[in-house]
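Chain nomenclature is as follows: A, B, C and D, assigned in order of appearance, with residue numbering initiated at 1 for each chain independently.
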Amino acid sequence: MIVAERLSWVLKLRRGHKLNMEVFFQQFSNGLAIGGIYALIALGYTMVYGVLRLINFAHGDLFTSGAFLGYTFLVSLALGQSAGTVGAILLVVLLVMGVAAFLGYVLERCAYRPLRRSNRLNAVVSAIGASIVIQNSIMLIYGPQVLVFPAGMKPNVIVEIFGLNFPLMRFFLFGASVMLMLGLYFFINRTRLGTAIRAVAIDQDASRLMGIDVSQIISLMFMIGAALGGAAGVMVGVYYGQITFTMGWIYGLKAFTAAIMGGIGNIPGAMLGGMLLGMVESMAAAYISAGWKDAITFLVLIVILICRPTGLLGERVAEKI
Amino acid sequence: MKKIAAMIMLALLAWAGPGGAQEIKIGLMCPLTGDWAQEGRDMQRFLEMQVEDLNAAGGIKGIPVRLIVADDGGNPRSANLAAQRLVESQVAAVVGTYGSAVTEASQGIYDEAKVVQIANGSTAIRLTEKHFTGFFRTCTRDDFQGRAVARAVTRLGFRKVALVHDNSSYAKGLAVEVEPLLQAAGVEIVYYDALTPGERDYSTIITKMKTLSPEAVVFTGYYPEAGMILRQMQEMGWKVPIIGGDATNNLTIVEIAGREAAAGYYFISPPGPQDLSGEEAKAFMAEYEAKYGQMPGSIFAVLAGDAFKALVKAITEAGSDYEAISSYLHNDLKNFDGFTGPIAFDAKGDRVGDLFRLYRIDGEGKFVLQP
Amino acid sequence: MIVLSLRNLVKTFGGLVAVASASFDVEDGSIVGLIGPNGAGKTTIFNLITGNLTPDAGEIFFTNHSIKGLAPHRIVANGIARTFQTIRLFENMTVLENVLAGRHCRMRAGMLSSLLRLPRQRREEKLALKHCLEELDFVGMVDQRQNLARNLAYGSQRLLEIARALATEPRLLILDEPAGGMNEQETGSLIDLIRAIQARGISILLIEHDMSLVMEVCKKLVVLEYGGVIAAGPPEVIKNDPKVIEAYLGQDLDDL
Amino acid sequence: MIKALPPALVAFLLLLPPLVCSNYWLDVLNAIGVSAILAFSLNLIVGQAGMFHMGHAAFCAVGAYTTAIMNTALGTPVLWTMPLAGMAAGFFALLVARPIIHLRGDYLLLVTIGIVEIVRIALTQDIFGLTGGANGIAGIDRPYIFGFRIYKPSHFYWLIWGMAGVTIVLFSYLERSRFGRALNYIREDNLAADGIGINSAAYKLGAFVLGAFWAGMVGTILVSKMTFVSPAFFTFWESVVLFVIVILGGAGNLKGVLLGAFLVTGLPEAFRDFEGMRMFCYGAAVILLMIFRPGGLLPSRPGDYNVAEFMKKLAGPAPNPRSGEDKRP
């Protein structure tokens, strides 16, 4: 008797909270979708940082380049249309990753390599210069206006799960992000080349003595980082549909925040940081205030760094005396 | 070396300019760089065509007109310099600019230098509450538009709305106007917040609004965000009407949202470039389209054109000094035939009359004027 | 009188015990050598004394006051100055500026008087310059005062670190491998310098692997192994202590 | 005597512009002056103390809004609010910098970016109902000096460059003082500085507070010149520009920073006619400068102290004139 009463009470509570939980899960998934993209871009930051200790401020603009290249291939040149929508997008993502990797290589060669032995602040400023150059190149080539991927470009299917609506594309987007991240993680941790990369990240001079071509590894990391940024650019372009030459800056800053939150230089950290950032943004907008959202995320970042000065998964390096 | 020599020659020529051939200079201050670069480019194209036409027809009483363009970067601090530059080139009057904060930074300079300014996109109320005798605008103020938005909401019969702006000076200003008007009309505002412009994913805000189940969403910001909201609302399977302000009067919105999602979108605006009614306006727009392959993206380039037309009229009738132009614009310009309809200015320098119309985007992606 | 006294000092890093209940004293005006195999915890003890690390347990008394847990700059102000095992000079600054760093804790000028260059601040600066030049003269580097620290020869860098430490007017000077990287001739003059410092009434605690130096200058040696003190006493006694000999893998200390 | 000549020449050159320049170029010079003073104050933090600080606009904003609110709400004369604006900014710096002062390099960089964004958002969101939201605050008075109304570009030229002059003198005093040197030691090696008796946390905080104080005072000048203030003045980009000025000009060298302000703020004005390509060239120039002048245009120089009088007493051999200098990496 008492048990039954309890049960009905619990059920009542459940029912009363049902709506709120639904909304919560919807917001949760919104946060994951945004976070997946942040994580993908944050990976580029983190990898370059891991080997070079350089904040690549131009990374957000490589992301923008990816979006515009994707526009050129998909919309202007209509590549891969015979392969169907998904096939065309996949083809173009691969293509853009290649071109973006090349851009990353050129960037590293011109703007960063000459500064490798120089003061860290110089490299930061050079990166800012590179960001300005790329952004304005895009404006000069494509013009200042908003470019739009046609709405029919992507399959517009809505999936209903437990009474919640999710656009199908979101799963693709999220899945693709996670696949790329996992691929990278295994590449770094399970391959010979990955071992070399980790060695360079720990000690460049020692790696050189062990016969590793450090310059080549750094170039490679830049290329991988740029390729991931470019891929994220195409995906964001196709998914959200509109691209502008200034879009890289806001994504770049968010991804940088994500990378630092997770502990810069740390690949799982970038994923964690990205997801967490997306989640904090989404929850802040949903339950506190959309206008204050970005201030709240920065506040969370500051609190995290006060508690853990090298980010969530960053290693604490004690200085040797 | 040659380039440097050429630059020095150019500089010398420019130096010698004022003493040389007689001409009337009119300044255009517009954002050619920064976030609003597209608006600025359209404004510049529009006025350049007008000047060409005017000079081909003999200028103002036989004196050719020269357009001097200064980039304000869409930023108050660089606007300060742009304004000084125009004043320095001894322009008779200035057309522009787009953003309210940007205009505000330049007003004092034009006032101190006694140069007439006609803004084309700055709708903040306080710009004309400062009693500068030489400041006018061809766009209408936020409170006019606020009333038009509130009218549309009540006329369409919505009793419960969400109000969203983007924290820009313009969108916030409009939202601040709309809010009390709606409340006074007995419309319940269930959600009132700002989104962050420039982002791509607004699903969080949409989810939040959806739970509050408003009958309509009023968005006072710009077209890129409006387009994203339309598109993502459809993706999330939530269909309620959205009502926007004149900053969403841009053909790109249909492209961004897609035809299906854009259908049913309402906005309040002066007539867009594509549905101007006057014969002259139609001819001019056709000429523009032929030259640049597309219409101006928004109405603000056309409003800049109206400002230019009014200035030419004033200079023709009253001469090119400050007192003459401002007094003519204040007192004597009545029912002047502009691209966007009759133009007249009140004592504060605001445009007289209500330009605002209610538009709805139909299934074909066309902007349809609502009766 | 005892200048410095360590009582049952303990420091662990994670599971690793770096210092296990170490106790020893430094008598006023004496030169004490801290020796032991690599990893015995010598530098950790230095870092505990200078406040770069905080002990997990135990006490540190300096002139009968506890200095445990004080921040490094407070400990310097109290009268303990140090040099570093890996030379840590302000590389892009001149020799004179490096010595001025040591003067910092004996000066008063704050932000405002520095900004306005008040008369009091000017007087103080002059005195500081004078003092620093004297210290440079003391180590024989006054000619090099305008050189950048990083352009100095290795031996000179070591000397500069000592001059910088002396500028703080310490009662106790802690030298971490002062002869490291020096040739025989340089080591010889270092020994003279250390004696000269002692002659000024400054006590010295040093870590050194060069046994000839240690044996020659130190009045007392403290031998560490696995973070604990295994022997302490005059060099002659230590030399023949069986535990010490074992710690050094049975080698004759004279060979080291 | 000869050493005093270039400053005299510079001072003379600074007297010229109001006589020969147009209002436009005067205002360009004013903009350069404002950037220069802000960059001087940032140099204290970035150049002297070596902290990665990219949020300086936040402090300027606090000062600017202090002036704006006090002037419009209480009617306090603009120039009277200047020290208060400085103090408000300094206090704000004390508050926010304290918990983050120990963060290393890039972490500090992002946190300072975060602070400037939080401040901008708070201003935009009309925090405490005082800041007027996105519109900002308008109708700020012009400054008066002994009843003389400052409103023309040439008036502001004197005000701004006067303040710049005072700043250069005071900050050059600071460079060669106990405080300034302490910051340099921290930049060179934080741990060694601690170990030699410098309370590095306090000095870092001091650099932040003094830099913020100065930036706050510049805020007063900025709003009195524009007669209104809005969050759009204090974007992250403004902070980045200041950062670039300091590094490009020569971190730690006041002359270099001044030159940097002329180049970074002034050159884009000079190349107005190249609209589209302007920013592109600007970015490329930044990269090239960093590659070929790694220490900035005028790298910071080691301190030169006059010690002649003491040398006689020491009776040592003749001093070795500066050898091995200027070979910075």
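In the analysis below, a residue touches a chain if its C-beta (ideal position, glycine included) is under 8 Å from a C-beta of that chain, and two chains touch if they have at least 3 such contacts.
Computed from a predicted model, the values in this text were never measured in an experiment.
Taking the CA centroid of chain D as reference, the farthest chain centroid is that of C.
Closest chain to the protein centre (all Cα atoms averaged), using per-chain Cα means: D. The greater number of contacting C-beta pairs, out of the two interfaces C-D and B-D, is seen for C-D. Inter-chain centre distance (chain C to chain D, centres taken as mean C-alpha positions): 40 Å.
Distance between chain B and chain C, defined via averaged C-alpha coordinates, is recorded as 72 Å. With centres set at the average Cα position, the gap from chain A to chain B is 36 Å. Within chain B, contacts with two or more other chains are made by residues 167, 194.
Among the residues of chain D, those in touch with two or more other chains are 124-125, 191, 195, 279. Chain contacts: chain C has residues 52, 84 touching two or more partner chains. Those residues of chain A lying in contact with chain B across their complex are 19, 23, 26-27, 30-31, 33-34, 37, 139, 143-146, 148, 150-152, 156, 158, 165, 167, 169, 236, 240-242, 244, 246-247, 250, 281-282, 285-286, 289-291, 293-294.
Of all residues in chain D, those touching chain B in their complex are 22-24, 26-28, 31, 124-125, 133-136, 138-139, 151-153, 225-228, 230, 232-233, 269, 272, 275, 278-279. By the touch rule above, chain D contacts chain A in their complex via residues 46, 52, 99-100, 102-107, 109-111, 113-115, 117-118, 121-122, 124-125, 191, 195, 236, 240, 243-244, 247-248, 251, 276-277, 279-280, 282-287, 290-291, 294-295, 329.
For chain B in complex with chain D, the residues that touch the partner chain are 32-33, 70-71, 75-77, 80-81, 84-85, 87-88, 100-101, 104-105, 108, 112-113, 124, 126, 130, 167-169, 171-173, 194. Residue ranges on chain B touching chain A, taken from their complex, read 35, 37-38, 41, 167, 193-196, 198-201, 203-205, 207-208, 211, 224, 227-228, 231, 234-238, 252, 255-261, 297.
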